[in-house]
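The structures considered in this document are given below.
You will see two complexes here that share subunit A, one where it goes with subunit B and one where it goes with subunit C.
The block that comes next holds the complex of A and B.
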């Protein structure tokens, strides 16, 4: 599903060269729930950006669903993001001027789905996260947990091959975070691959697999047999 | 297209949108009316006087002293001028077309009916007028030398013939202007003039005169010590003949002064100077307003994009291509501009009605508003394309950054 081999990512300025990822190799199988942990600045977000085709890498090979993404154009990468990847962000990244329906509609519009099918899918996605009756509300009218649920609905509505979650509970209180985590686990059990970046060791412990990054390299890659498999 | 979501999002940020839409509406109102006024003035300025303006000049001779015999001087002057190489012909005249100065009267078909008089400019000229003014006689005959009446201003009118412009003939005989030929027409005092000829076009001296195309030629020389000669030359001779004629008139042994030695082109330029100035001012106003409006659109777009950088990055992360982002902001501008030009169309018509009622200006042609709407929509799209391109260049990685 996701196979990175010898990936390097170097940020360059006129005077400084920073290796964000060094010889980074990771293979994620379909249906896995992988957490990525590590201290600040270790390269977690860089990995997430590369995995989500938000940035290009300096060298190495990245196969997404068996397709080498290195030679894709910007538009092709955008299309691949839209069709195969769902994003969940730490600060939800909802459009404040759009109601929930329109927010969840955003990725579908870029896919060219008909209005009728979009409507069905959006209603299903919002129902799946328990917000079916709040379609016309604005994000500002919701709690943080509810907003993250909307973001999850938006990530799921396009039926992606995998979800990339960047600290999805980072801005939530523990009770709300637990609810969001349960929702993600539920989604994973339904077959969606999830890669989640987190600082929280307790959340990492709940995943099937935890990859720990340090200084741009994988320090450990542990599988947790106690976690619920998809 | 995302018309629905974009419109709903705009409605939640009304202030900036309303201000820009109002600016577009105001700009359209002013621009469309200004363009119409410019075109109207340009059409007025482009109207032909009927004369060969490029090759015609005029000069005035004002006699003084007891020994000045105008009747003799006029004959001497005209003989001299007409014999100069390069001169096609010359005539005396009391007025110069498009000069802004002349005399007018009213003529009708029934004696004593002052209420049916048609206003017209009166040119008092001699039998050389058709050649000198390069007028096309479309009916009748020219004046003869025997018909020319010389009189002082206080003498009773003795003129009995006239040549009309075709427009004047049409005013008198709307069904068939040719019927005017050989008919008598009557002035305010009941005196009759027989129409011996009709020329296709001869404008009155006053460009803003409602009946500017209504003119009459009468065969007379008014002896009031002030004479204007109108001279038509072969192409390319005008400027040198202006100098030569003035020199020869000046060296003739007569007590007089010469003035207003001007080409007809210069006379036209002077007459329309206010119109030209107004046209220039209106063009500056149009350019300034369009620039300000374009800058307003750019400003709103840049502000809006800077405010939504993370949203744009998120859209890119969710699958928007650069073109999708470009199209988003172009569409957003199109919606704002559409609201502005719709309001602008209403304001344009309203403002024009105000101008028509208050300043008696012409009613705007129907197609000006839609053309103005398209122009402002295009201006909006051109103005927003730069900011939209910069928005499209925002990296999707911005979605994961804490900005």
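The block that comes next holds the complex of A and C.
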């Protein structure tokens, strides 16, 4: 599903070159729940941005569902993001002026879905994260955990093939984080591939597979036998 | 998606009301000031009769004063030349016309006598200038020749005298002469008043129209400009009519190039003949001016309005430069949201449309407020002109409203192009982590 081979990502300024990823190769199969760990600055987020087509790489090959993404135009990349990828961020990234319904509506708007179908899907997505009765609330009226649930509903509403989560529990207390993690596990069990960046070893231990990055390279890629089966 | 983007623009306004209002204000001031000058130019520089302005020609003859070195040839005709032109132009629609003033004694005892500004015109005047009638009609050439005492009233005078009713067949008394009403005009205020720019291009129309032959025939009190370059032989009215004094506007309708050529030849021959008699010794640049040429020649649109236009355009540019900075600040302040939208599937095209509509939204609000600024500016001009000046033409009409809104939207979008471009090229990866 996601296949990166020999990816290099170099950030350049006038005087400095920084190799964020070096000869990075990773193959993620459909339905996997993969956690990405590593110290700050090791390249976790860069990998996630490349995987999510938010940035371009310097060299190497990236196949998404077998399609080489290197030659895609901005519009094609945007379409792929909209149709195949869902994003969950550490700081939720909800739009503060839009109520929950309208926040979840955003990806469907860019897909050109009819109003009737959008309404059905948004209601289903909010119901799936337990916020069906809060559709007209603004994000500021919700707790952090609830906001992250909205972000998950927004990521799921377009029925993406895989979710990219960047420390989704990083801003939550342990109880709330546990609830969000359980939700992600449920989503994975329903067949959605998840790649999650985390600093938390206990969360990494719950995934099927943990990839550890150091200095822009994969240091370990371990299957976790204790993880729940997908 | 359009309405969705409009809604986003409204939400964005609400999020940053002070910044957004500053932009609206900047656009309003720039566009409003520009529209004040635009209105002046629109009124003074517009084509008042566009469908036939290239068929109506005013005559100018080679008049001159040998004692005055820089004598400007007057833009009117002497009476005897006007009479000759009427005779020699009978194959065409033509109009000799000039102003008069008279005391009107209203029918009945309800109103006191009052002055009316009138116009003497030969019969074709109404057809040539597409003058609209509410009741009745104008007169024919036979009425001109026979000096029939008929009158056409303006809508306003008919309202004053007869309460707006059909007054055809009624009589009125002007300067002791009884005139029969044969027509009442519908509203007619061509601006500029192209058929008599010599007596004020922004002047109001006349209240009563009578056959031009009556002005000489009944020695009515003429009004309007008179240019003489040779004194009449004596103080009699007859001597004045034969003097080298220009006070008649003369128009002819030449519907095609053949008519024009024929008429031009006739006029040139007439001038050559008069030159042999010792008249018309000072060649003019041209003798036939169409409506727009005539208004340019008579500087209906003064140079000051062009200077004002340039100043207003500069003010608009300064206001828009401010808007560029404010829009840039606003759009870059939304980098986080833009990054999220990109992650959720917005391409650069979608972002471009969204932010163009947001700029247009601000422009539209600026345009609406700009109408208020323009209205205040025009009121200021009315005050500057004073209470006696005709100011009915200083008004915000549909054209001005539409132009203001469109100018505001278009100029704000143009000013927003750079901020929009920057917004569309935000690197989402940087902002998603830090939002």
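The criterion applied here is as follows: the second predicted complex is superposed on the first by the 230 of 230 C-alpha atoms of A that agree within 3 Å, B and C clash if a C-alpha of one lies under 4 Å from a C-alpha of the other, contacts with A are read in each partner's own complex, and residues count from 1 in each chain.
The criterion applied here is as follows: a contact is a pair of C-beta atoms (placed from the backbone, for glycine too) under 8 Å apart; a residue touches a chain by one contact, two chains touch by 3 or more.
On a predicted model such as this, the values are computed, not experimentally measured, just so you know.
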Subunit C versus subunit B on the shared subunit A, clash or fit after superposition: clash
Touched partner set for A:99, first subunit B, second subunit C, both or neither: first
Subunit B versus subunit C as contact partner of A:81, first or second or both or neither: both
Which superposed partner A:154 touches (first subunit B, second subunit C, both, neither): both
Contacts of A:29 with subunit B and subunit C, given as first, second, both or neither: neither
First (subunit B), second (subunit C), both or neither touched by A:182: neither
First, second, both or neither for A:55, with subunit B first and subunit C second: both
Those residues of subunit A which subunit B touches in one complex and subunit C touches in the other: 45, 49, 52, 54-55, 74-75, 78-79, 81-83, 87, 89, 91, 93, 95, 97-98, 106-107, 109-111, 154, 158, 166
Subunit B partner contacts - residues on subunit A that touch it in the complex: 45, 48-49, 52-55, 74-75, 78-79, 81-83, 87, 89, 91, 93, 95, 97-99, 102, 105-107, 109-111, 138, 154, 158, 166
Of all residues in subunit C, those that touch subunit A in their complex: 1, 4, 11-12, 14-15, 336-337, 339-350, 427-429, 432-433, 435
Touch list for subunit A against partner subunit C, complex: 45-46, 49, 52, 54-55, 74-75, 77-79, 81-83, 87, 89-91, 93, 95-98, 106-107, 109-111, 154, 158, 166
Of all residues in subunit B, those that touch subunit A in their complex: 2, 4-5, 8-9, 12-13, 310-311, 314-324, 395-397, 399-402
